[in-house]
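Look for chain A in each of the two complexes below; its partner is chain B in the first and chain C in the second.
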Partner chain A sequence: MGPDGAPGPSVPWQKVLWERQPFPDNYVDQRFLEELRRNEGIRQYRYWTVVKEAGFVGQQLSCVAIFISLWLYMEQGLLSPETLLWSSLVCALLGYGLYQSLSSQVESGCEPRTRLADLQSAAIFLSFTFGFSPVLKTLTESVSTDTVYAMSAIMLLAHLVSFPYTHPSPPGSLSLNAALFASVCLASRLPGALHTFAMLSCALMVFALWPCLLQRVRDIAPTHFTGVCLGVCVGGVGGLGLQSPGGAVLLALALGSVTLLCPLLLVRLQRHKDNIQGPWDEAEIHEDLDHGRGT
Partner chain B sequence: MVLKIFFPQCCNRADSGLLVGRWISGHDSAVVLAVIHYPFIPGQVKQYIQQMQAQSGVELSVLGSWSLPKEGQEGMESFLRDLSTIFPQERWLQIKRQMGKTGFTCEILNRDQSGKAAQQDSIKKKKKVKIEEDYQHDDSDNKKQQEKKKEKIEEDDQHDDSDNKKKQEKKKEEEEGEEEEKVIFVHYEQRKVMLSQLHPIENGVPDPKTEPPSELRQVFQTVARSQPLFFLDRYDDGPLKSTHWQSEGREASIIMELLKQASVPLCLLISWLLSVWTWICNVRIFSLYPLRFLSSKLSTCVQLSYRTEHLRTLSSAKPATGHTEFMRKSNILVSFLIDVALGLLLISWLYRDDHIRMLANTLVPAADHVAKELEELLQWLMGAPAGLKMNRALDQVLGRFFLYHIHLWISYIHLMSPFIEGILWYGGLSACLGLTFALSLLSDMVALLTFHIYCFYVYGARLYCLKIYGLSSLWRLFRGKKWNVLRQRVDSCSYDLDQLFIGTLLFTILLFLLPTTALYYLVFTLLRLGVVLFQGILHLSVDFINSFPLFAMGLRICRSYRLGGISHFHIVHHTIFVQQMSFKVTLKQRRSSTISFCLQCIKLHREVNVL
Partner chain C sequence: MGQRRRSAVKAPSSPSVSAAGEVARVPHKKHKICMVSDFFYPNMGGVESHIYQLSQCLIEKGHKVVIATHAYGRRKGVRYLTNGLKVYYLPLQVMYNQSTSTTVFHSLPLLRCVFVREGITVVHAHSSFSAMAHDALFHAKTMGLNTVFTDHSLFGFADVSSVLTNKLLTVSLCDTNHIVCVSYTSKENTVLRAALNPEIVSVIPNAVDPTDFTPDPSQRQDDTITIVVISRLVYRKGTDLLGGIIPELCLKHPDLHFLIGGEGPKRIVLEEVREKYQLHDRVRLLGALEHKDVRGVLVQGHIFLNTSLTEAFCMAIVEGASCGLQVVSTRVGGIPEVLPDDLITLCEPTVRSLCAGLETVIAKQRSGSVPSPASIHAKVRNLYTWRNVAERTEKVYDRVAGEEVLPLDRRLQRLRTHCGPVAGSIFALFAVMDFLFVLLLQWLVPDRFMDMAVDATGPQGLWRQEKSRKDSAIN
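Then we have the complex of A and B:
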């Protein structure tokens, strides 16, 4: 019954405004909210599933850390460019073999890239990087080191923020470009052209090729995926720990919060979700209200 | 009904006689053109007027009589009144003036329907009009007028504050209180009205079907067309004597007459030379691509073609058809003469005291100096200019490139240096065609001497443009977008891995090299801007000389009534109730099409005080 206690005539109340009815304006009856639906299609997350999915974020963070620590090694001369080149070549070959073997198990829906196309892409990468490395070496000579560091940090952050974690293959344009820009900035601070070349190849592997491989691993072998993520995280923390223990602690804390704390929060806060839906159009308030009135 | 009489100022002191003029059809007004003095033989007057009418095409007639009695001529008045029987008219004006008094008296004798013109006293409406007289300017003989002027209401029309000589028309009327017909007496200055050409004669042929042109227009046309009437001056031995603006003798100049005689063969010669010149210009070699392109870029050639066009206009056999074309031609002629005179002045300075050699001797060191300054500028740019951190490698490359250019330039100048004096000597001769030619030649020489700066500018601008274009395109790639040419918008696009990689590499490189290129571009653009400014000043002065309407300016200063403009009226008496009445008059003005402006004539409605 309505708040005004209007007399109940025999005419049933209708939920329309365009007809004159023998009820007060603010009258509603029991049927008013019966079509309201709450939290429709809500997914009940389970903690460990969320943690497993968050492992991808953690491992990307670790990848950035690994790249930075590699650069630190290179800059201090602890790692020679030849070593890095050879090891990354070996890694690339191993990864390529793994990628191919995994893809052979998957049904080949869309036409797969041929070996020749892969070889062509690799040749383009290597030749361009090698050709441009002297230029890149002198590129940021006159720019102050702090500026370069700041730019790299911003770009790496942009890479992490804009990374398409659900479908990392093919990598998103902005994330990859930001990462490459940062790596060019960092690589140009290294002492020699060969260092630059090695660093850029390494960046290409870490930021462009590794997410593709990992995506495939996640699709094919989810159990191994967790292990790989864990391994990358440990590698990142360990690699950084050798250079700067403080950084490693920070990274470990970040990894812990991203992979353990944030899923916990998500699962906890899921209970407070209150999302109402119904067969009505939601009111949209346009910003150009004045403009609409004017015309 | 108001009767308007347009009376020439020069006849104010004429001897008594007959008023010759014209009644304006469609309007109740009359124009007085001249006064024929007593004594005369009426038959001769009639013959003379017919003759004049045949020559000028204006319907001239005797309007009435004019009396300004001098000593011993007291009996004149009745005689003049009787004249109306000899010259039969619808209305007979009798304008009187007393010596030593200001003001006119006007009587209108209306001819009766039955033709009894002689009986005037009782039947006719008799008008006694006292007319106040006002000399608008430079009339010093009437001191009373000066005092009265202070009391006058001065009513000007919309926009006349400058020119008060336009058409000296004043309307004033003073009337006895109870009279029903009024007379407005308008003084006009005959010479200026005739020469003003505000209402060209060729438009003045009245079309009977359309309504008659406005009153003022008819007045102007009548005065302008009755030029033959004004050829009779006091030195003529004919039987008649008359007063009008030229009665003291006609204006003429021997030089002008000689020039008029000489201009015809001169025009023929010039047009023959022009035809030869045009024939030379039309030879096929000159229309080939590089030559045509060069000639459109060299300001000397442009000026040459411009002057050729001017001379062709001047030497054309047809006379100017309208006021506009006449003004244009005379402007061209005057600017051409001024130009040549200035050029001759320049020549007389250049070839005196070996100034040419001095110039040539300073030119080469000046070019050397400029080159040296440029070299220093480049060295500065190759360092760390203004504390900016540029890419050292690119900086060095660009700097060396430009330094090599300057080196080339200096050797070219030194190769040229023996010939520079000759070039200047012959180039200076071009000033006899006019100062504009010399200036154009100077502009071209400056363009040639600063060719290296132009080259630098082009290189810098091209590099900068390329870089900006590439950066904007690669920035879209950086964000994963691309430019959709078909839809003219930015779409998102998924690039391949290698495209992304190479694009980002190039983007980084271009971005870090941008400041260096931008700085070079900026510096060379500023240099180029300086040269362009100098050339712009030269071109501006050339255009100024070419197209400044000097003749119109001179006319404006000396004979401003020849140009359409404004007119204004003074009301003489302060006790007069004023009602404004507007006439639309179209005037042909210099260069513009017809403009219409409102001549506000003042109609005096009623006058209370009788003098």
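Then we have the complex of A and C:
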């Protein structure tokens, strides 16, 4: 048995069961584990590429910070709803123009949405938000302020966790809903109905439209994308810094760890990756099996 | 029940073989073996029939065999099967998928009782899905018994659940004397999973009772071509692939029929396909089949199709070939090792590749250039027999019986060096507690006060003596 069953026979060992071979059952051939494959299809990350990709996470964090600072300004009366609305409008128009100019370069095959359709959806959204803002304003009156803040914090965190960073356009339903829930909670604590309306339209812009624009920038102009992310991060830290310097320091630390430290860890730990594959792995079904079925 | 019929087939042959064996061979050391697994009859499957058939052949060779499993519903206590095979259905709580829960310790009193009463020398545990098997390995070591483990399945390494189960397997097999795998691929897999020395792992394939699976071409309808699929309808058996193959081939070949035996959550996929393409008369879903009905279904077909995504050995394709069918299968796991190339068409696990493979076999079938069922059966019938499995397993027992069982201090040391500092230390603690528990049990009910069970099988097996006495009385 085993090694004592000396490999005297001259026939080579075969990896088959149907033939009775002149080897003991626990014979270990040189070909043992020859089909083992290690770290197949592994991606070699380069530090700065990962940092650039992590920039998206950083800017989303900053977006949340910017939204919160805007809310702080509004709550303390440092920012009037009219100013916010007008600047939002300007930003939205600028962003829309940029989006259109970028899209004209890519999409040629599929039918693009018409301007009229866009205008229609914008009008519907705005009029409904405007109409409902008095209701939203009084929605959480019976709930204590602490609860509202805690819920907003949890929801914004949920937004950040569930945000689809690889394909942010359209933003995932869970992340978008969490962000809007938080916005409604926060907006209902503002002094007036117009404040609420301004805050909610701003939230729609930051959480729903901005990721779509940024995704397009990332696809078309990757060099500018880094600049935009950096700008948003600086804006976030700066905006928060005027209100609460402590918060700004924390945000800056978080941004630093997300965009610089975590990629470093990823690249460093990559060497320790030891992934083994072989014929024992469960086969994966890659084909689209639903062709013609169920559709 | 499957075993009842099989025993009827085997019964007449057993006395003659054992008689011949006694004359021809120097009497081996006889072992007292306890097979432990959560999976046994009335549950149906590959592991169950493996344990039953192996035990029968070992009894035939003069060993004493008892089986320990958990209680199935009202089936509790001791039962005797054919040839005095004693089965303990222990009242342990079933947690999930017929596997018992494990607290490591709670099964010790009952298992100790079985091991001591039966005077067990070798504990043979089956299947890595069975918590009871792992418990038994652990307790057997504490009680100073030698252990063997048979692994029937393949595992990946990628996801969290496999990482955890593989760690548990490492601990469990850390001081198991010998491991049996059913194919070379399975051996490689187990050696990697449990970080084992490959020399304590033997490859002993599964077997198929050729008398159960004989061809019968008269059952076929010769104006059509029938593809038989017999498997549980679950993701791992590739039912989704089957759902892709059926419409593709049925549209091309109007005389093609599918006969599908088996039940499972993916049945809905096949029903949808059947509904959508109006194939009710050509795709028959037979539902769950009992083992004894399998042959009746197999012989109705021309081609046997297996779409598994992972498989350690795959008895189904051997059964199909034994019934004289052309076998088409995916090339996964240990399947390429099982049948020679002239008996099987191997395909990649994709709809396209399987369709291409089936097309060539269908074309061959139409042109009549396939070998006859009888000639295929003749080739397959002696490839995998339970006698051969038992002979090879006996060698494993012989080897294991001579090995020393590590004393507690060296066992602890081995656990800690082999299983890593964290898991090793935890399980070393468990080993100590298990040891103390055994001491407590031995103090409460000393071994010498325990009733010894009457041997039904084995060297002084009463079952056989009784039978021979009866035989002589008749003569």
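Please note the rule applied: the second predicted complex is superposed on the first by the 253 of 295 C-alpha atoms of A that agree within 3 Å, B and C clash if a C-alpha of one lies under 4 Å from a C-alpha of the other, contacts with A are read in each partner's own complex, and residues count from 1 in each chain.
Basically, a residue touches a chain if its C-beta (ideal position, glycine included) is under 8 Å from a C-beta of that chain, and two chains touch if they have at least 3 such contacts.
In this text the structure is predicted, and so the values were computed from the model without any measurement.
In the superposed model, A:V16 makes contact with chain C only, not with chain B.
Contacts of A:W86 after superposition on the shared chain: neither chain B nor chain C is touched. Judged by the touch definition given at the top, the superposed model places A:W48 against neither chain B nor chain C. By the document's definition of touching, neither partner reaches A:Y149: not chain B, not chain C. Shared-chain residue A:E282: touches chain C; no touch with chain B. Contacts of A:E141 after superposition on the shared chain: chain B is touched, whereas chain C is not. Shared contact residues of chain A with chain B and chain C: none. Note for the complex: chain B touches chain A at residues 389-393, 477-480, 494-498, 500-505, 507-509, 512-513.
Across the complex, chain B is touched by residues 121, 124-125, 128-129, 132, 135-136, 138-144, 170-174, 176-177, 180-181, 184-185, 204, 208 of chain A.
Residues 1-3, 15-19, 24-26, 28, 32-33, 35-36, 275-287, 289, 291-294 of chain A touch chain C in their complex. Residues 154-158, 178, 183-186, 188-189, 191-192, 198-205, 236, 238, 240-241, 243-244, 247, 272-273, 276, 309-310, 312-313, 330, 332-334, 337-340, 349-352, 383-384, 392, 395-396, 399 of chain C are the ones that touch chain A when the two sit in their complex.
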